[in-house]
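This is the structure I have questions about; it appears just below.
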Amino acid sequence: MSNGKIKIGVLGASGYTGADLVRLAVPHPNMEISILTANTHAGKKVAEVFPHLGHVDLPDMTKVEDADWGDVDAIFCGLPHGTTQDITRSLVETHGDVKVIDMSADFRLRNMDTYQEWYGIKHRAPGLQGSAVYGLTEFYRDDIRGANLVACPGCYPTAVLMALLPVVSAGLVDPADLIIDAKSGVSGAGRAAKEATLFCETGEGMSPYAIGKHRHAPEIEQEISKAAGNDIVVNFTPHLIPMSRGELCTCYVRLEGKATASDLRAALAERYAGEPFVRVLNEGVLPATQHVRGSNFVLIGVFEDRVSGRAIIISTLDNLVKGSAGQAVQNFNLIFGLDETTGLGQMPLFP
Amino acid sequence: MSNGKIKIGVLGASGYTGADLVRLAVPHPNMEISILTANTHAGKKVAEVFPHLGHVDLPDMTKVEDADWGDVDAIFCGLPHGTTQDITRSLVETHGDVKVIDMSADFRLRNMDTYQEWYGIKHRAPGLQGSAVYGLTEFYRDDIRGANLVACPGCYPTAVLMALLPVVSAGLVDPADLIIDAKSGVSGAGRAAKEATLFCETGEGMSPYAIGKHRHAPEIEQEISKAAGNDIVVNFTPHLIPMSRGELCTCYVRLEGKATASDLRAALAERYAGEPFVRVLNEGVLPATQHVRGSNFVLIGVFEDRVSGRAIIISTLDNLVKGSAGQAVQNFNLIFGLDETTGLGQMPLFP
Amino acid sequence: MSNGKIKIGVLGASGYTGADLVRLAVPHPNMEISILTANTHAGKKVAEVFPHLGHVDLPDMTKVEDADWGDVDAIFCGLPHGTTQDITRSLVETHGDVKVIDMSADFRLRNMDTYQEWYGIKHRAPGLQGSAVYGLTEFYRDDIRGANLVACPGCYPTAVLMALLPVVSAGLVDPADLIIDAKSGVSGAGRAAKEATLFCETGEGMSPYAIGKHRHAPEIEQEISKAAGNDIVVNFTPHLIPMSRGELCTCYVRLEGKATASDLRAALAERYAGEPFVRVLNEGVLPATQHVRGSNFVLIGVFEDRVSGRAIIISTLDNLVKGSAGQAVQNFNLIFGLDETTGLGQMPLFP
Amino acid sequence: MSNGKIKIGVLGASGYTGADLVRLAVPHPNMEISILTANTHAGKKVAEVFPHLGHVDLPDMTKVEDADWGDVDAIFCGLPHGTTQDITRSLVETHGDVKVIDMSADFRLRNMDTYQEWYGIKHRAPGLQGSAVYGLTEFYRDDIRGANLVACPGCYPTAVLMALLPVVSAGLVDPADLIIDAKSGVSGAGRAAKEATLFCETGEGMSPYAIGKHRHAPEIEQEISKAAGNDIVVNFTPHLIPMSRGELCTCYVRLEGKATASDLRAALAERYAGEPFVRVLNEGVLPATQHVRGSNFVLIGVFEDRVSGRAIIISTLDNLVKGSAGQAVQNFNLIFGLDETTGLGQMPLFP
């Protein structure tokens, strides 16, 4: 921390999440980027991989194994699941002080069997799993402050849990009847070249995908179960929308007792009062992904359902910011004792 | 019907529905376009209003009141709701033989109180309402054949009812627990200049709209109630997607008794066997709006829900074709004793 | 030709050009699809590779080497350049009667050195090159009628040459001062999975590419040189636009002598009078890719330049139709003595 | 200037330019927003007109005539042309100290006849015209510092002049042979509800517009003429691209003497060395609007033309930032003696 800056490394810096982390890190007053890894692009300048970052003086991309971790204070991991475990374990063993803020899926699930079931591999760092804190900032703030390893939630779980946890915890809705119709922009699928995410495949059209099989489902269920106090299974149906960024989750809930949509709105407003990045919308205001683009905000709206005894909660965020890199920075700020909003003042970009 | 062609008039020809009707009518072997009305564009050539139709020899746009109905055999109405009633009543009074295929909302609802509640005006042609046939072709085929006035369903009701009517009728799902998350392209909002549908407002983002207030809800409920045998209220939540055409409805259903997703798929496949425009997809095949663009097809997929006792039915269509002009032509074919698929062989345009 | 149909094979059927060829071939009254090859997708059903074609009864995809050419009358080649030469040579040697309509670049260039310079490989069927006819239908109609091998032009050359050949031939513009600013939708880059054509890379933005290096430049120059009577080099600068289909070329020309923009328009209108797929627009009418989508039309507009002695010619077409599969079908019709417009009546799809 | 902040008013705050000014002004450390005017939305909260700004505490929208100019230090004008003149004249007469930073077209043209010819109205504040400084920051920096009225350039002129002025001034290109093919996102057309800019009209397609008639042409010519030392007419042909933000101008130039593309690149690089918002790209690097989105950057690339004696200069910027609100803030910083980059550190948003 010479010059007062905290030295960071970004692993998997050539993906969209990595790029957005860099976008947030460069102007962050307390961060200095020391290492950028990107195995397939190792040896390249950032400007070659991301021309929009060409004006910034940054270290070249390197291989993970070639990185010098010597003076790094914190690592942001944006690697594919599986990979993160080995690197994190190795880092923890050799550089015990380094803080790991993981944006991958590797340390989100408490139950190793569930991990193996959904990710198809046996977890290779189960010992670390216990010390990992689930990085949903607004719900695990105190734990995150003292953590060495933070497992940032997936983009969908962030949007869904922000909408549902308070009303489940308060007993206002039936946790056994949660239907989540989720919509995401294409950046959620990553930067790997795949036919399915070519412009011509996803443009001017939309479709559901991974119905009943999306890996964010067990993550949502883990936290909802915890809030509900018993094992919960949810419907979670994602759709791919022809936009680059943005996510919107329409949650259909059954009201408990005499609860109303207004009660849900009031409970959410109370729960998030004072939260810098959460806005519970007034009655009648419609959330839109356009209103959070590029920012760390989550918007939540509550609506009456014409079907008696039901309501609709809708949340929206930018999947690359509050859904990933932004929340990671928020957690970094907590860990290093900074104001939680440091470097996260980006205004939504509209249009 | 000189030259063996059926003379048609298109009212409201300067909107997207009108344009698509013209797109289908021009190459239709049995149609001849005699009248095109478009009040704000009266006096203009079609090529001025729709340059993509500039290669076709068509009558100029005229005002409704200036049209010569003398030798017209059929009228396609694409006017805003409210307007259609007066014109239809007047036409029926003065030209009793003319067939009216209405693509507006004016004659869809059987209950005049419901109409007034949702459309905010008292119906001005209640006498005709009784003789109007609901133009959901695959369900009212016989009635349509003999009808003088066909009220073509809205785009959303077409997609939703095709997905749900067979399984509700068969008692396979609980009609009291239907949740319909609907997504539509922007052309559904029409061609009138509105800030909300500007490119910059709707591009690169998405949002819900008209939650619990969309006028297609009572239409869906009317037909579901009929199939269920009692009054049904449904959840119907539409979303605006950044694409011009296409509609996809994700219907969350509760299974009755021991019914399974496979049972639903089988029931739908049996119900639609032989239907030229309906394809029930094999297990695991995902419906996408890209796969129906520009065509009269409806695709329906059925999926297991991780939540026990539930399933998901997803339907998709092109809102301007099977959701409007295409189904209108399908009904026209029935009325005039033609093969139902005449002029509707457009292949889906992908990409 | 049992059942009166001409049996065709489509090579490279899993790409966008191949798919559009199938879209046009299925409803074509004189075609029957016998073979579909797609090496990486060999063994798959068409519906797996192209769900939007799932309603059509088609042969499964096969490897080129496994295809039975026995009773095939015509081959449409949509293979990558290089590949086509060997297959075509082999076909001609073993099935002399089969007609080859090549949509690749392999037989477009007369000069084998130019081919080698731009495509980086030595041509492997130079003997066939001499018998290949350049398939720009409106300019080589008579030659195409008798051809065994038609080399359909690239999409850009089609748009550019339709705009420029008549005015260069007539001596109305200076062929040494042609600046062509070209814009294309993303489907022009093909269906291979590449980072550069992912939705997130090309959406909500645009850029030039292959400046001074695009392989369509020598093709344009070959034909312009022929029309001009001497060797011509042109500026050709393509740009990638966030749309799937469509191409628009803005050609900046220097007028010869006292020629005016009106003279150019008149010359083009006269040249294309009676052409079924070419529309020279009236003064002041703006061409747009939206007006040709999905159809075989080319629109051409001529505009005055504020710079004295200059004018602007703008042409637009659908790169997959008149720019590829549509023109291929047009040439097929000529070869087999059919009306040139057979099966090409698709109306532009707008919106 | 209590609390050390400079009080600003934004006129025409309900348009896209106004919104982007607010996006930049809110986090600007030296600005405080005192007045927001928007005549048709007068009385509304900002959150109603722009939900993405709903988290900021801002004054309600008011009518221009109801605004209290008493303690305002600077005005940003985003009004339609024509309107600005009266308001500016009135403000200058009554509040002589207020600085006006005009983003409209009213004070850009030196020649009042040219203004009348292109804007169709007689200028109503010709006296002020003389004192207005053309706000192309990198070229009029010293004049701007002392100005009371800055006329910020149009978005196209900014992009074009940044690319061309240095090479015209240096005599490297022929000013009489400048061809500018310009491409813009739809936000350039403003937020007024117009059929032509609906999503369905502009999506999935593109077209030229205002050929030879765009009002940015005389502005470009004014400055190019000044640099060239004689009256210059340029070709300027704009195109509408299906994206919200971004602008890219492809300038085709004829080289003077033995100048090469490398000479142009070197001259531009030298001219802009040290400029915080201008990046002259290395040989072979392609500019893209995606690389400047949301930021105040201009990227300029120079490319060889295959046509001997010619070259291509391409510039790109975000039309709402460097093309409008960003440059306005840059000029504000100069006027008030702040560091020119204050509040303009937004990183490009990609994807």
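Observations on the model:
Each chain carries a letter (A, B, C and D) given by its place in the written order, and its residues are counted from 1.
Throughout what follows, contacts are C-beta pairs under 8 Å (C-beta built on N, C-alpha and C of every residue); 3 or more make two chains touch, one makes a residue touch a chain.
Here the structure is a predicted model, which means the values were calculated and not measured.
If you take subunit C and subunit D together, the chains in touch with both are A, B.
Two chain pairs, A-D and A-B, are weighed by contacting C-beta pairs, with A-B ahead. Here the CA centre of subunit B is 45 Å from the CA centre of subunit D. Here the spacing of subunit A and subunit D, counted between their Cα centres, is 36 Å. Centroid to centroid, with C-alpha atoms defining each point, subunit A and subunit B lie 40 Å apart. Residue numbers of subunit D whose C-beta contacts span two or more other chains: 16, 187, 200-201, 203-204, 242-245, 286, 288, 290, 293, 351. Taken as a contact graph, the chains are fully connected, with every chain touching every other chain. Residues 16, 19, 23, 26-27, 50-55, 187, 203-204, 244-245, 279, 281, 285-286, 288, 290-294, 297, 345-351 of subunit D are the ones that touch subunit A when the two sit in their complex.
Listing the residues of subunit B that touch subunit A in their complex gives 177, 179, 181, 183, 200-201, 203-209, 211-212, 217, 233-237, 239, 241-246, 248, 250, 252, 286-290, 293, 303-308, 310, 312, 314, 316, 351. For subunit D in complex with subunit B, the residues that touch the partner chain are 16, 186-187, 191-195, 197-204, 242-244.
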